[in-house]
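Quick heads-up: structures coming right below.
Here come two complexes built around chain A, the first alongside chain B, the second alongside chain C.
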Partner chain A sequence: MKCAGPIDVRDVDESYINIDPIQVGGRLTAEAMKAVIAYGDGYSVCDNCRKPFRLDQIKTPPVDQFHQDLASFLHMDVARVVPGARRGFQAVAGTYVQKGDPVVITALSHYTEVLSVEGNGGILREIPDRDNIITADAAAATIEEVSREFGRPPVLLFLDHFDYQYGNEHEVKEIIRVAHQYDIPVLYNGAYTVGIMPVDGKALGADFVVGSGHKSMAAPAPSGVLATTEERADEVFRTTVTKTDKTSRTFGVKEVEMMGCTLMGVTLIGMMASFPRVRERVDRWDQELINGNLVVEALRSIGGTKIRSEYPRKHTLTRVDTLNSFDKVAQTHKKRGFFFSSALRDRGIAGIIPGATKVWKYNTYGMTRNQAEYLAKSFVEIAEEHGLPVG
Partner chain B sequence: MKCAGPIDVRDVDESYINIDPIQVGGRLTAEAMKAVIAYGDGYSVCDNCRKPFRLDQIKTPPVDQFHQDLASFLHMDVARVVPGARRGFQAVAGTYVQKGDPVVITALSHYTEVLSVEGNGGILREIPDRDNIITADAAAATIEEVSREFGRPPVLLFLDHFDYQYGNEHEVKEIIRVAHQYDIPVLYNGAYTVGIMPVDGKALGADFVVGSGHKSMAAPAPSGVLATTEERADEVFRTTVTKTDKTSRTFGVKEVEMMGCTLMGVTLIGMMASFPRVRERVDRWDQELINGNLVVEALRSIGGTKIRSEYPRKHTLTRVDTLNSFDKVAQTHKKRGFFFSSALRDRGIAGIIPGATKVWKYNTYGMTRNQAEYLAKSFVEIAEEHGLPVG
Partner chain C sequence: MFLFTDLRVMLRETAPVHSLDPAGRESAEKILQKIESQVSILREELLQ
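The block that comes next holds the complex of A and B.
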């Protein structure tokens, strides 16, 4: 069925249990759906924009209050909405990274962090992982190396609390403590934490907390949040200082790295409408982990299957290796690797790349217990049906 | 009525004739509304993202075809969607502007162009206007001045076809010709043209054409388009060249200035769903001007009222000076300046800043002839009711 022109109606989250690794935290709440319908039009939140004419100051709808709520939700001082977490990275890199400056990322950093540094001419150095975990010891060693190589410490450090590849937890608090000994500001990438589990930026010591609306805050894309401390706010949210040469125009309180206003309609209103539920749901993270581990145990019971992520799991995003289980089946199955996604589809489960049977990722976030049990059972049944040992 | 929490249902475009200067071209089509409902979730267009994993290559929904359609719609070679026109400016400035480089804008340039240059450390010089029109002669003189001042020509020139202050048309084609004599790339800002009137980037000679989805393409915010020539595409859409030091990771075909993918859901699908109607509606621009001029003539018939924009009007966005008409009324009216917006509201007309009776803007884009006639009549009636001379 088409919803407009050649565009199919999308019903993956209505008709299936979706386990897509990047999609599950971005599904809209019912409140967001309602708000999105009312605020679809361009500039829809700007009806009551008054002096000083900046998004975060709008009172109706309560965009100003939402910004304060966002900051306190993350235990930071100031927050702004941005068109995706990546635009938060870009703003911070744009503020601190000059051409030739060393910047530290990790062996598991997301590519958008890399692009934000490359775009500003920074030179990247990685903190290596140990068994896919980034430790404070490794961070300290890397900072020392970089300081020797460049004759000065790195100007910025990007840190993913849980990475996108394994969903592993890294030594965030400890690494931030190390970085601060060298006065290096740290950007905490919470794309896989902000909106799904509690995040306390102050307790972690983060200079910047970045979250993704469409990844983990039940909001439309592109949306996200960049929060910071009072001290750093003056830097990353600095306002324009331009005075033009002929007309002597100035541009008020527009923030340079934000490019003025950021999310003028449906994206912002979606974040806002979902926020009360998002704020509440982070406290149920333990239940999410129980569901996730239930599925992990089912997968582990299938002979030859390995959990590549750290174990036991501390996140619902998991990387699994089925080279010696489902991929063995694929080698002789008439559908090849597609047998697996197809068998899942037949059971009403979607979100795994069709054909993938080697190393793949899934995410159980947002499921009911029943759905998690059903998913666990489905993996086992598919294994059994294809003669894989279980137990 | 609330749609979610403290957020009021927004019905300004359902219950009123909206003449907000920045909103009228961004109202969603019925097709976009339907698509937005189906694709509200984060990463909703990514269900079928396959190698090489880049937004503009997705085949289902037909995002790849849409990108080609966008480029040919603008008579350019390559197009990308961006989170608002401003992010298109930022990408181009990020490519060409280094610290200390001179960049030319105009006396009527939008503030987001200024921020994109300021953010990259460029130094702005303005082409002055003559009666609020930017001429090729003035552009040539400014380029000469800048070349003398800096010992080299400007690295980039921003040009608004119709500006946001007056909706005046500027000598775009002629200015581009002049700029090219100095090998200066020109960014054509079509925030007030792309999606509402025909734009032929090739005929104009533009190096970059930028449009706004939420301003003029009936799409949700933030959205927009950056189109360019084959030659410039390699520069502004250059792909990442980073290879990380420890893990030797590379990041495929991700484009640095785009920060990888840009609009992953509702914003893109809204642009796509509206596009067939948008492509069609630009050919009815003459009808829009007839409607606009009908309202302009009504305003001119009110004693003391001046059209500050160029006259006759070539755009539906108009700046009007009612200092000697409605503002005179405001001085003794018990509602002060609010009498005017309030009288309009009573007649079902919205979109003018409450209290504004001095110099203000409105936009008649997208009205039916009946609505334009009604608006014209309403202005005249309000004048007559308050004893202003008409005729």
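The block that comes next holds the complex of A and C.
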């Protein structure tokens, strides 16, 4: 069945249990799906845009209130919606990073953090990991090294609370404390936290909190949030001061790093429509971890399988090593590595890269208990069917 | 369309086997009745 022309109907989440590590937290709520139908047209949230003509000031639909609610949800002072977490990184880097400035990221940072710094001519230095965890001690040592190398401290530090590779938790609060001793502003990357678990930016001491709408806030892509403190808001959300030379035009209260307005239609309305449920669901994170651990334990019961992420798990995104289990089967199976994704597909499970049997990631976020049990049972059944030891 | 969305979410929550418990069946039944009623209204208003 086709949606339009060559575009197939997408039914991954209706026909399968989807365990794609980057998709599960961004699945729309029923409310967002309905709002998206009504607000699909281009500038649909702009019907009632009045002076001063800026997105965060629109009262109908209540975009202005949503911005305040977002800031309060993250325990920050000011928030703006952005087209994806990466655009939040870009806005902060654009504000604080000049050519040749040192910027600290971590050994597990997302590539978009790298690009946002590169785009402004900054020079990156990484905090090394220890067993895939970023510690405050390592951060302090890196800041010291960078300060010696450049003769000044880094101008910015990017920090992922839970990284995208392992779903491991890092010493965020402690690292922020260390960075602040050197007056380094810290960007908290909450792409895998904001919208799925409680985040208190103020308690963590973050200068900036960035979240991803399409990754963790049940919103269409590209969407996200950049929140900050009162102190930093005037810097990162500075307004234009330009007056053009021939026409003497000025541009009111448009914010430079936001390029004026950001999300003008379906992305924003999807975020807004999901928000009441998102605000509730973060308090059910413990239940999500219970479901996740049920699946982790099933995988651990399969001989030769190792959990590469920290254990016990603190996140639903998990990296698993099946080199000595499913990959052994793949070596002699007629479908080679594709046997595994094929066996999962036959059981109504999707989201693992076809052919992957060595080291792979999955995410159980948003499953019902029945679905988590079904997934756990399926992994074990596939192992048993192929003669792998279980127990 | 909104009623179909409610059914869509139900399919997601019960994937991949879509076996509904008694409460789920009751909800699905209500949604389907509403869809039938809406279709009747559309038929009357658009085609007569």
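The rule we apply is simple: the second predicted complex is superposed on the first by the 391 of 391 C-alpha atoms of A that agree within 3 Å, B and C clash if a C-alpha of one lies under 4 Å from a C-alpha of the other, contacts with A are read in each partner's own complex, and residues count from 1 in each chain.
Assume a contact is a pair of C-beta atoms (placed from the backbone, for glycine too) under 8 Å apart; a residue touches a chain by one contact, two chains touch by 3 or more.
None of the values given here were measured: they were computed from a predicted structure.
Once the two complexes are overlaid on the shared chain, A:I269 sits against chain B while remaining clear of chain C.
Of the two partner chains placed by the overlay, only chain C lies in contact with A:Y16; chain B stays clear of it. Of the two partner chains placed by superposition, chain B and chain C are both touched by A:R27. Applying the stated contact rule after C-alpha superposition, one finds that A:I290 touches neither chain B nor chain C.
Looking at the shared chain after the overlay, A:I37 reaches both chain B and chain C.
By the touch criterion defined above, A:A203 lies against neither chain B nor chain C after alignment on the C-alpha atoms of chain A. Contact with chain B, but none with chain C, is seen for A:I7 once the two complexes are overlaid on the shared chain.
Residue contacts after overlaying the shared chain place A:T368 against chain C, while chain B stays out of touching range. In the superposition on chain A, A:F251 makes contact with chain B only, not with chain C. Annotation: chain A residues 13, 27, 33-34, 37 touch chain B in one complex and chain C in the other. By the touch criterion given at the top, residues 13-17, 27, 29-30, 33-34, 37, 347-349, 368, 370-371, 374 of chain A touch chain C in their complex. Of all the residues in chain C, the ones that touch chain A in their complex are 1-2, 5-6, 8-9, 11-17. Interface residues of chain B, counted against chain A in their complex, comprise 3-13, 20, 22-23, 25-28, 31-44, 46-47, 50, 60-62, 65, 83-84, 86-87, 89-90, 94, 105, 107, 111-112, 114-116, 118-119, 124-126, 128, 212-215, 218-223, 240-242, 244-247, 251, 254, 256-257, 259-260, 262-267, 269-270, 272-273, 275-276, 353.
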